[in-house]
């Protein structure tokens, strides 16, 4: 099941709420890349890219792209004041040393332990690891944004991941088209339901055990 | 036994003869640092420094020193066109990957195997390793310049080094105030005698076995 | 890895460059998602008909973009990269067994290339531990913690794309096209840079040179990007 | 090594800087033979009376130059360096056992500091094999060849000397005073840069920044070199 532009932006908008002033943030390809569009003006964030940029700004206007200034997904970006270029080894030095406050990644499966699978479906899809393994293992906070169910209608939030893992016990927060779920020491905690879904629909479409938060909110 | 300025320059002048057009060369502290004064104008050499310079030029004139532009020994230098700055990790990357055509080092002891000791006299003198271990192990050609005998009058070219080694089987050429000696597969070969010494004097002041070259020369 | 260095006059032609690249060469390339892949050299390799290459680089580009062209036209028997998602041809060749693909986590790949360039014989990391990545790799225990040993990567020939080069081979890059290029430039037994501009001695600021010329053997003029970007 | 990052307004005072440096701190310093040692911070540490430091850096400076002052005034209980020849006080303190000295080959020391900064857990090298340097070190065999395992170095506080800094902590250095400074800047749990000049946002060329600001926690103005050089 694909999700439409509005829903993708709803997810991105909710993820943007996690980003606070002064943070260093890395956004993955796909829905994560939309998050930067939803950061309020007064929040100053340094966006990091694996290819070697700290301080990416918004997308350039059509016709003003610089083909040699792109994010890790290969799409043109701009710079903010204070930005710098460096090689990819340094870019990952920043990641491995734990300087990223938040990384927002896509996911194929997440489970009750906070394990993440997002790089390979053996025999079917082999996009490769990219930077996900380092990002998921080393960022201070790992947010996974994805559809709640896959295109066959099966849950992607599982008791135990079935696909090869990207990283173990790494995910802090899951944001889907249906729900916002926190990974806690005691398991998965349903904190918010995305409008127009109900708690019942979320539970039906989740294989993992979900505790429902006492102050459950609705995100519109 | 110290050696005077003239003799130090004689050694440096002889060492300079080994440097050919287009080479990348690293000079150690002491007598080696004098070598650059003896390179003919038409020979273009890129001098490398461990602190992170490729392309050092001659010493600045008195009063024109830049305290932030120094060689690895801490003495002011200048740059030639095509020079670059980099960090010390890269400086040693250049060394370890074998890009230095020649390194010219001082020595405490050299032996018949080409082993070099030049960093420590246990209990007496502990200057530390510095870059000597990497230079001696990885440069394409290692030239040791030193006094032929130590201050007690004892030979420094030995059957077997007694001091802790800097590197094994690393030395290609030894240039002293008395002689020029090549390290060959068959042992040490006396190639030149430094004026005003005689072969007999060289042999008397050398513990290692020396073969005398068929075309022995005198260096004035 | 000791090589003959020429201090000056490293500027040459595409033909000279291609004379260094043969069937079965181990070829390392700079670039990230096509950006920073050297277009003129890749086109030259393609037109020369070189095949059975072992390619080492960040990714497989796109089918018609950058290094992707050599992959999709079946010129590689092996690819060492961090991902191939943007080039479906790479996935197909991997599935059919026509091309062997070895994955490294992206930053570890970068460090392995750097290690090859600066003469480091291995690095320890916890990245990939407990994942498919650890298969076949040696583990080393330090202070009771286990790490994966990752080995350096080197190449017969490295190709990079620079913004400016001088005749000594000193290089500066163009914005995010820097990416893996400075690392790849160090790891080639023979390193070829194609540059958008070639300048005389002393015209590059020594403080801003990213790759010291000692790592570069040949500089050729670039004819510029000859593909249409995915976003265009 | 996770630290609190402030994106802007990293500019502070010497007093703030010194509040981070205590007796028994592990202190790493940039510089090579005094050049690139941060003079204002070193003088401040000296005047504050900090003692029993573990110092990590290329060398011991000269008795009255750079980091040498802290060594010759007995402020260090341990020194990890590549040589101490230019500071006789260091040799004396080592001989009497007042200061513990650990030597690393110079380039391996630089790589160990870099490894600490970029989150690499160990490096393999043949440098030092068969010498005194291998004492007490783990060996790892790869493809039947033996290598020494060298471990990363990190510090509680790193101090560096920059030519220019901006308010984000981005740094550029001054000629050969760059040396170990960019490596040291990455390896501190808390990194303090003293800069000859502090500029506003966007005033440093992103292509020429050597240390990205993310590695730097505090920037203070430098009062400049306050010693006489050996060559003067």
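As written, the chains take the letters A, B, C and D, and residue 1 is the first residue of each chain.
Following the convention adopted for this analysis, a residue touches a chain if its C-beta (ideal position, glycine included) is under 8 Å from a C-beta of that chain, and two chains touch if they have at least 3 such contacts.
As the structure is a prediction and not an experimental result, all values here were calculated from the model.
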Inset, instruction - Can you tell me how the remaining chains group up by touch if chain B is left out? - result: one piece
Inset, instruction - Could you work out which chain's C-alpha centre is the most distant one from the centre of chain B? - result: A
Legend entry - chain C-chain D separation of Cα centroids, rounded to whole Å: 32
Legend entry - Separation of chain A from chain D, taking each centre as the mean of its C-alpha atoms, in whole Å: 36
Inset, instruction - Could you grab the centroid distance between chain A and chain C? Build each centroid from C-alpha atoms only and quote it in angstrom. - result: 29
Inset, instruction - Would you mind listing the residues of chain C that make contact with two or more other chains? - result: 111, 118-120, 125-126, 173, 175, 206-207
Inset, instruction - Would you pick out the residues of chain A that each touch at least 2 other chains? - result: 85-86, 89, 92-93, 95-96
Inset, instruction - If you connect every pair of chains that touch, what shape comes out? Choose line, ring, star, complete or other. - result: other
Inset, instruction - Could you run through all the chain pairs that touch each other? - result: A-C, A-D, B-C, B-D, C-D
Inset, instruction - Report the residues of chain A in contact with chain C in the complex, numbered from low to high. - result: 49-53, 65-76, 85-89, 91-93, 95-96, 119-120, 123, 125-131, 133-134, 137, 164-168
Legend entry - Contact footprint of chain A on chain D as seen in their complex: 1-3, 5-8, 117-120, 166-168, 170, 186, 201-202, 204, 206-207, 209, 212-215
Legend entry - List of chain C residues in touch with chain A within their complex: 32-36, 58-59, 62, 81-86, 91, 94-95, 101, 103-108, 110-111, 113-114, 125-128, 130-133, 163, 173-183, 210, 225, 229-231
Legend entry - Touch list for chain D against partner chain C, complex: 111, 115, 118-126, 138, 140, 142, 145, 147, 149, 151, 172-173, 175, 205-208
Legend entry - Residues on chain A engaged by chain D in the complex (per definition of touch): 21-24, 44-46, 48, 54-55, 79, 81-86, 89-90, 92-99, 101, 138, 140
